[in-house]
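Have a look at the structure below, then the notes.
Here the chain labels run A, B and C in written order, and each chain numbers its own residues starting at 1.
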Amino acid sequence: MGILEVKNVGKRFGGLQALGDVNLSVKENTVHAIIGPNGAGKSTLLNCLVGKLIPDTGSVMFDGQSVLGRKPYEINQMGISRVFQTPEIFGDLTVMENMLIPCFAKRDGAFSLNAITSVPSETDVIEKAEAMLVEMNMADKRHMHSASLSRGDKRRLEIGMCLSQEPRLLLLDEPTAGMARADTNNTIDLLKEIKDQRDITIAIIEHDMHVVFSLADRITVLAQGTPLVEDDPQNIRGNPKVREAYLGESA
Amino acid sequence: MFGLDNKDTRMLLVVAVLTLCAPFILNPFPTDSAMAQFNAGYPDLMQRFVIFGIFAIGFNILFGLTGYLSFGHAAFLGVGSYSAVWMFKLLSMNVVPAIMLSVVISGLFALLIGFVSLRRSGIYFSILTLAFAQMSFNLAYSVLTPITNGETGLQLTLEDPRVLGVSATADGSIPVTNLFGMEMRSTFEMVVGPWAFQFNAGYYLCALILLAAFYLSIRIFRSPFGMMLRAVKSNQQRMNYTGLNTKPYTLAAFVISGMYAGLAGGLMASMDPLAGAERMQWTASGEVVLMTILGGAGTLIGPVLGAGFIKYFENIFSKINDNVLHGWFSFMPDGLEDFVVFIIHPFIGKGWHLTLGILFMLVVVFLPGGLVEGGQRIAKWVKGRKNKDDSASATKTPAE
Amino acid sequence: MDAILLQILNGLDKGSAYALIALGLTLIFGTLGVVNFAHGALFMIGAFCAVTLQRMLSLSYVVIDETQKDFLGNPLKVKTPYVESWFGPEMGGAIIDWAVPLAILFAIPIMITVGFVMERGLIKHFYKREHADQILVTFGLAIVLQEVIKYFYGANPIQTPSPEALSGVANVGALFGMDIVYPVWRIVYFFFSVIIIGGIFSFLQFTTFGMVVRAGMADRETVGLLGINIDRRFTIMFGIAAAVAGLAGVMYTPINSPNYHMGMDFLVLSFVVVVVGGMGSLPGAVLAGFMLGILESFASMNEIKSILPGIDQIIIYVVAIIILLTRPRGLMGRKGVMEE
């Protein structure tokens, strides 16, 4: 029984069957990669997991509870954090404030009318955010406007924000898309570190094979809205079906 | 002090000094001098400064922090005024229950309107609030005449069944608003040489409430709640995926700013116990938007500055007429004088709204950060020049 | 039955005005992505084009007519409009009489120019700015335009009659075997609106220009990438939208004497119409315009007012709120189109 159980999920947009009959089980404390060519339905699947889309059929269970019909913020409060393809951060706020917000969300829940205390007086939250900034190697940038960060730093900040919520499942949507090689390698190192040091399950959607094979414990290949095969990385590498559907194309 | 950091304390103190000494500061010219027309230290004008200051501070909590542009805030001001006048009619001429009721009622009203309007964001939200305000205006103007007295406006009469108080005073006139016996209209005049300074009880009540309102707004800005509101403006998507429900945050901000507007409306009625539908018209909503933008949306002090600026110039501009202009430009040759007066004429007197509209456009186009940003730019420029001078002289020295 | 038909007719002319303004708003919003709070002012400027033309045509010179004497025996001063002296009294008189319809020709170039100047001079700079800024700057512009008109034309409504021949009433009920008497000009206004609306729709449907604009409304960036100069087309579209609002204003003058704040009065309701119809949907705007116009007219029936006093003042808002709560995208708004 995995921490995330996707059963018979289907989603149709008008005439397009985006997801056929997806079954997926993500084991706790593993890195599970979902790969597939463009249009395979990776993003649709991800959106079904976080509450942005509601699948037409099937069920999505997280830790024994259904996530279907819940709002994104509710699903997040259940313990699923999401990293976007293009970093979604609070561009108008400083790096420190960016880090404080998930810490407050973790402590106070989805809404709190905490309008009288001042932010600096909330020492427990400040310390936690500070620690996470140090861990992400961004402490010296804490007063910077986050919009002026480099792409790589924005990604680090976003991942840090997600981690500070202590999620049980971290969803990554092509975390290295559009990144230079150096930034990609930095991100891989960061994710490896996270994987080694934390009790966390990571599901990653990725295009870049280098990233996938550096990180994943388990890989699901999606093609035309249905899982083609699920296996360990070394077996995927040799699987002729996968080569044909995906690797053959890109090679 | 007061749980604020040094910078905010300083700002609060500056505002406190400015408002409490306003009767002096706004009356710099001797009463009989030609410049006396630029004085603004009259009770009713000063009251307007602070009341609209409160209105704008509240509006800024919504617009400045969350970025939700409401075009219907005047409706809350109007509701506040009507509530206060009803309290005067039915309960007592003491302003305390009246102001309290206006805050509560406008808060409830804001809750209702906010709940519906906040189902959409962006332009839809602006249009919805605009429609609600216009609907409230129509309701007040004609439909709810029994409550609002329609076109004429709600006023006190000699037959009001005042539970805690009398319907009419001994000499047969309508009683006046008071704060535990202190009449709001009572004014102490201090004559110093050619100057006459007026200290009005009502003004000081408004000023103290403004300070409290301003202090509260600083606390909100600096609180985790305030930070969340800025996060709503910055990225709602990230909010949702950080486990935060944006709806109650925006609704809370909407209700708080509606209560500020109601407070302003209640004070307005406390100073002059009448309420009319025109207070709810969307042009009045536009005015508070302009005050906030002109001062600097999202800054603490901006709305207060903007409110003061607009109300001051409204007063001055409507006083100026062609004769005054001819007086000013009499040093010019005749033809030129007439020409200049002809050019300026559309913008003064009744043309104040034209000036206001142009000001509105200029601010949005050239100074989106308002007066506060303008001040910062000037400060930076002055600093930059100074640094340049310093560095210029520094490079020169070794050459010599 | 007669009463119901009469209310529908009554609603049609106001509905036509709503539909025309809402159509322009939707065109501008759909193509340029700008919320134009000054659109009501364009409607008002159109109306004042009619006023201006009427005044220009009536410009007169004074002659002393020796053949006519007043009761003191002095020769009579006769004011003669220039047009009458140029075209003869009959033709000239007719021209003055038909000033409002003639103002259509007068208003088209003016409105298109106003639209171009507005778009190139101001709105163009706001495409990339926040919606709030767009609202604010067009709101400021609306105030300015309104005050300028007030400065030149005063605050009072100015009567602008329709041509003599079209000013009476006609028994439109005769068509249905009923007896319904209705002002001719309002019927003219309705047909005029239908023609304009039809014209806009067929223009968008059947011309290449229209096709590009429709594509631009659906996906602006992609069309821009195809190498089509979408900006210039959008400028033209703005001019057209301005002209539509202006013509709606021109023809509305005999129904309601124009005043400087008529634009704003209509604007708020037109926005509601756009939201009800579904932001970005042209058919939605037209449908909602007529629907709300007719609804408003029904609400002002005495029978209904006696049950719900004042309902005519707020019916449109109430309906808008209900629709928005039950169908957040409006009547004909499509999912994913023009959403934040």
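Quick notes
As a working rule, a residue touches a chain if its C-beta (ideal position, glycine included) is under 8 Å from a C-beta of that chain, and two chains touch if they have at least 3 such contacts.
For clarity, every value in this text was computed on a predicted model and none was experimentally measured.
The greatest centre-to-centre gap from chain B, using C-alpha centroids, is found for A.
With centres computed from CA atoms alone, B is the chain lying nearest the middle of all the protein shown. One finds 52 Å separating the Cα centroids of chain A and chain C.
A separation of 35 Å divides the Cα centre of chain B from that of chain C. Per-chain Cα centroids separate chain A from chain B by 46 Å. Residues 35, 122, 125, 130-133, 135-137, 139-144, 146-148, 151, 264, 268, 271-272, 274-275, 279, 309-311, 313-314, 317-318, 320-321, 324-325, 328, 340 of chain C touch chain B in their complex.
Residues of chain B that touch chain A in their complex: 3-5, 219-220, 222-228, 230-231, 233-235, 237-246, 248-249, 252.
Chain B meets chain C in the complex at residues 63, 67, 69, 71, 116, 119-124, 126-128, 130-132, 134-135, 138-139, 141-144, 282, 286, 289, 293, 346, 351, 353-354, 356-361, 364-365, 368. Residue ranges of chain A in contact with chain B, taken from their complex: 50, 71-74, 76-77, 81-82, 84, 88-93, 97, 100-102, 104-106, 108-122, 125, 161, 165.
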